[in-house]
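Each of the next two complexes has chain A plus one more chain, namely chain B in the first and chain C in the second.
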Partner chain A sequence: MDDYLVGVLSNIGIISFVALSAYLLLLTGEISFGQQAFFAIGAYAAGIATALWGWPLSAALGWGAATAGAAAILVGIPTLRLHGLYFAIATLAFAEMVRLLFELFRYQLTIDGELVGPNGSDGFRGIRYIFENDVSSLQFLVLIYLLLIIALVAFMLLERSRLGVTFRMIGEDATLAELNGVAVARIKVLAAGLAGALAGIGGGLYAHLTTYVEPRIFDVMLGVHSLAYGLIGGLGTALGPLLGVVIDIGLLESVRVFAGYRMIIFGGLVAVLLIVRPRGLLDERAVHYLSRVWRR
Partner chain B sequence: MIDFVQNTIDGVMIGSSYALLALGFTLIFGVMRRLNLSYGPSIMIGAYLGTLVYVQLSAGPLVVVAVTVIGAVLAGVYVERLCFAPMAAGAGIASMVSSFAIWMQLEQAAILVLPQHTYPFPPLATVAPLELGPFLLRVDHLIMLAAALALSAAVYLLLYRSRFGLALRAIIENPTAAHLVGINVKAAVMLAFALASAVGGIAGYLVLAADQQVTPMFGMWATFKGLIAMMIGGLGSIPGAIVGGLVLGVVEAHSQWHFGPQVRDLVAYLLLFACLVLRPGGLLGRAPPMREPAFGRRGA
Partner chain C sequence: MLRLLFAGLIAAVCLAEAAAAQSMRAKADVECKPAGELLHYDCVIKLMNARTSEPLAGVTLMVGADMPSMPMMHNVRPVKAAPGADSGIYQARLVLEMHGDWAVQLNLSGPVRDRVVANIRFDPDRATPVVPSRARPGHKH
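Up next is the complex of A and B:
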């Protein structure tokens, strides 16, 4: 495989984690413009763990996910009683706060005679784990997709479990769910935490793939894109957001013809799909139909 | 002490531009109960057209104002047609997301037309600042403050003293009943949208004339400042938009003076976040209903 293809596929895999993270919240009926914050937290936490503390990659990715999940739970608790656009704007404000905090965040250690670590708005250079340990970009690609498949399988299991049904129930009608004895507040915090951890894994992978992160990457456009992936691809299955990512990054960003017009096409696509298919291409009805065809 | 007063004055002045932006925002929210996140970018389209006639045809200030406002109104109506008119009642969240998608579109369109990062914008007043004892007052900032107060008074009068305002308020109360008594709901909503965009266009012109330049970041800036000011003041409230804008301006001016621009932005978002968590209705607005209808229900 040539390098360009590996690069595009790695990008698709990593962004899929943020898309899945936004999708999980969409299932519970909440729009979040702020999942990029947890992607950022995961990226910084995992990068610090390998570059500054000398941790192995697996522990660092776990640490990134845990930090991002914990942060998501901490934000989830005060924003719980908000709903709809109030929740969306609160997550937007939070994510911008996180980005600006990383602009101020400095934590550098001297490693091998060189200052390494986050340096405010100059970013965080030298996350060289995959070079120092001779991980090829192809091997890293396999790692990304292995983790993505694990996440997808977990989603498939979740959709069949009682918890998954509860998520969708809250998304349909939170009041009705509450009246049926669902602990809505607790389940929502759980969903927020899981979504944060998912984005955190993506962030950790991203930091190690690019070896360099800066706060500017984690701006609100990343959050809106990851939200839009679920809305384009569909809310019926976890494959929906992946379809959205493939359409955007695989088609619009990577094919030359669309250069310069990517945002125009993508923005228009989202707007039109929200009118004609409010729950995306692979919505519940389409998934139900496809699964019947599949079984026949 | 002198610094404190000067900072507060500067804050009120820049806050009046936030108030103007919030005014258009709150007008749309008041009528539709929906957020239009493309509000800033549609103003930017107007501003880009304004700078285009200024640079290419060296047009005078009046022409630039007219072109900016007309451009903002056209872009605003485009957003309304695509993101708001076709959405089912109760699908307010879908409108919000859709307007964010159109935001990307408008921004990229502006960059395609004028690809440089910065373009000049004609200044409003090149006279020296007024001196009041030890304090300085910029003339263009004073015009901005006067425009904010005058426009909000005008919008207030329009809403509460005219037949069109009565129709709009009837639609706010109950769109179905308004339709039944013969109000053309669709036309009135589109007109309100155009009006809000026009207010935004004037706000955008005044801000950019004070800065004397326009960049592609202006759309995001306008949306965020207007949004924060409106949310602090109270969604859908006209006095709230003014109060929110001024509060945001003063808070920003002081935090910039003490801690620099990064902390200034951080404080602005912190203010928004704290306001949403502690008082979601804003200072002067009503608290939101706990459960709004979900968007795009399955099977619907």
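Up next is the complex of A and C:
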């Protein structure tokens, strides 16, 4: 397979994790502009685990997800008492705080005569696991998509489960859900933790794919995009955010005729869809219609 | 279905962790300058062994770029660098989508497999290496 295509597909797969992460919070009715913070935590944690501690990739990705999930729970406990705009601003403030902390974070060890590890604003170079272990780009792409399929299957199962229904119930009307005996705060913190872990897996994969991360990568642009993917693709199914990613990176970016104008088209697309289709292309009605057609 | 997926995942991870051979590390000096056309830059890349600083000749070098401020969202199609006159010197022309800070990715294959990232600020009239800690206002010493 062409290297460029492998690169684009890898990017689509990795950014899908952040998009799914934002989507999970959207299900519970909360808009987060801060999922890039958990992506960053996952990237640094997993990168440190392989590059500095010599962990295997699987353990490092798990560690990245666990660290990001734990951070999301810790942030979720105080912030999920806020709603709407206040919650969105709180998540954005947290994400910027994390980014600035990584600007100051230095933790380097001498590996093979070279200093390796996070070095503040200058970033974290030398996350060379895939090169040291002779993992090809194609093998890494397979790993990304296997993890993504597992995440999608988990989402499908979740949406059919009692917990998934509870997420949507809270998203529709948190007060009504609480009156029906749902422990809203606890469920929201659980959703935040799962969303953080998902973003953390994406971050871990990203760090190992590029071999280099720096704090600038994790600014608000990534958070806005991850949120926009769900809003474009649709909130009716977990495939919605993936559709958003494919439209943005797969179509607008890869079709060279849009190059340079992509951000304008993307912004316009979000604005138009928010007006004409506020819950995205694959909204609940579209999903219901498509599933009826599929059953026939 | 779920079991099958987990089995596949474990197999992929095992495959990825199977060979644990230490590979050679590369480092690079990248110098770019405007090529006369808008957003076209000619880059001269000096590849070296990171440990011994000896020039790295005979590798296949693909040069791509990504914007750190918009990761994964700008995919500059990687171009193959041509070997220069001297050992370890390669030349490539980059066609970017916009000016600004780019992380130039050097993907080495062949006798040496590695990826080296160089941060470069591409302005209309020049291209200069970026050290983020020195590039920030208020961080000048």
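Here are a few things to note about the model shown:
What we mean here is this: the second predicted complex is superposed on the first by the 296 of 296 C-alpha atoms of A that agree within 3 Å, B and C clash if a C-alpha of one lies under 4 Å from a C-alpha of the other, contacts with A are read in each partner's own complex, and residues count from 1 in each chain.
Basically, a contact is a pair of C-beta atoms (placed from the backbone, for glycine too) under 8 Å apart; a residue touches a chain by one contact, two chains touch by 3 or more.
Worth saying up front: this structure is predicted, and the values here are computed from it rather than measured.
Three-chain overlay on chain A, with chain B and chain C fitting side by side and no clash.
By the touch criterion stated above, A:221 is placed in contact with chain B and with chain C alike. Of the two partner chains placed by the overlay, only chain B lies in contact with A:270; chain C stays clear of it.
Here the apex is the CA centre of chain A, and the angle it makes with the centres of chain B and chain C after alignment on chain A is 90°, in steps of 10. In the superposed model, A:123 makes contact with chain C only, not with chain B. After overlaying the two complexes on the shared chain, residue contacts for A:112 are found with chain C alone; chain B is out of touch. Contacts of A:104 after superposition: chain B is touched, whereas chain C is not reached. Once both complexes are placed on a shared chain A, the shortest Cα to Cα gap between chain B and chain C comes to 5 Å.
Residues 121, 221, 260, 262 of chain A are contacted both by chain B in one complex and by chain C in the other. For chain A in complex with chain B, the touching residues are 29, 31, 33, 78-79, 81-86, 88-90, 93-94, 96-97, 100-101, 103-104, 121, 171-175, 220-221, 224, 227-228, 231, 235, 260-264, 266-272, 274-275, 278-279, 283-285.
The part of chain A that touches chain C in the complex is made up of residues 3-4, 7-8, 11, 14-15, 56-58, 112-114, 120-123, 125-126, 128, 130-135, 139-140, 142-143, 146-147, 149-150, 153, 157, 206, 210-212, 214-217, 219, 221-222, 225, 248-249, 253-254, 259-260, 262. Here chain C touches chain A in the complex through residues 1-2, 5-6, 8-9, 12-13, 15-23, 25, 50-51, 62, 64, 66, 68-75, 77-78, 97-98, 101, 103, 105, 107, 113-115, 117, 119, 131-133, 136, 139, going by the rule given at the top. Only residues 34-35, 82-83, 86-87, 91-94, 96-98, 100-109, 112, 220, 224, 227-228, 231, 262-263, 265-266, 269-270, 272-273, 276-277, 280, 288, 290-292, 294-300 of chain B touch chain A when the two sit together in their complex.
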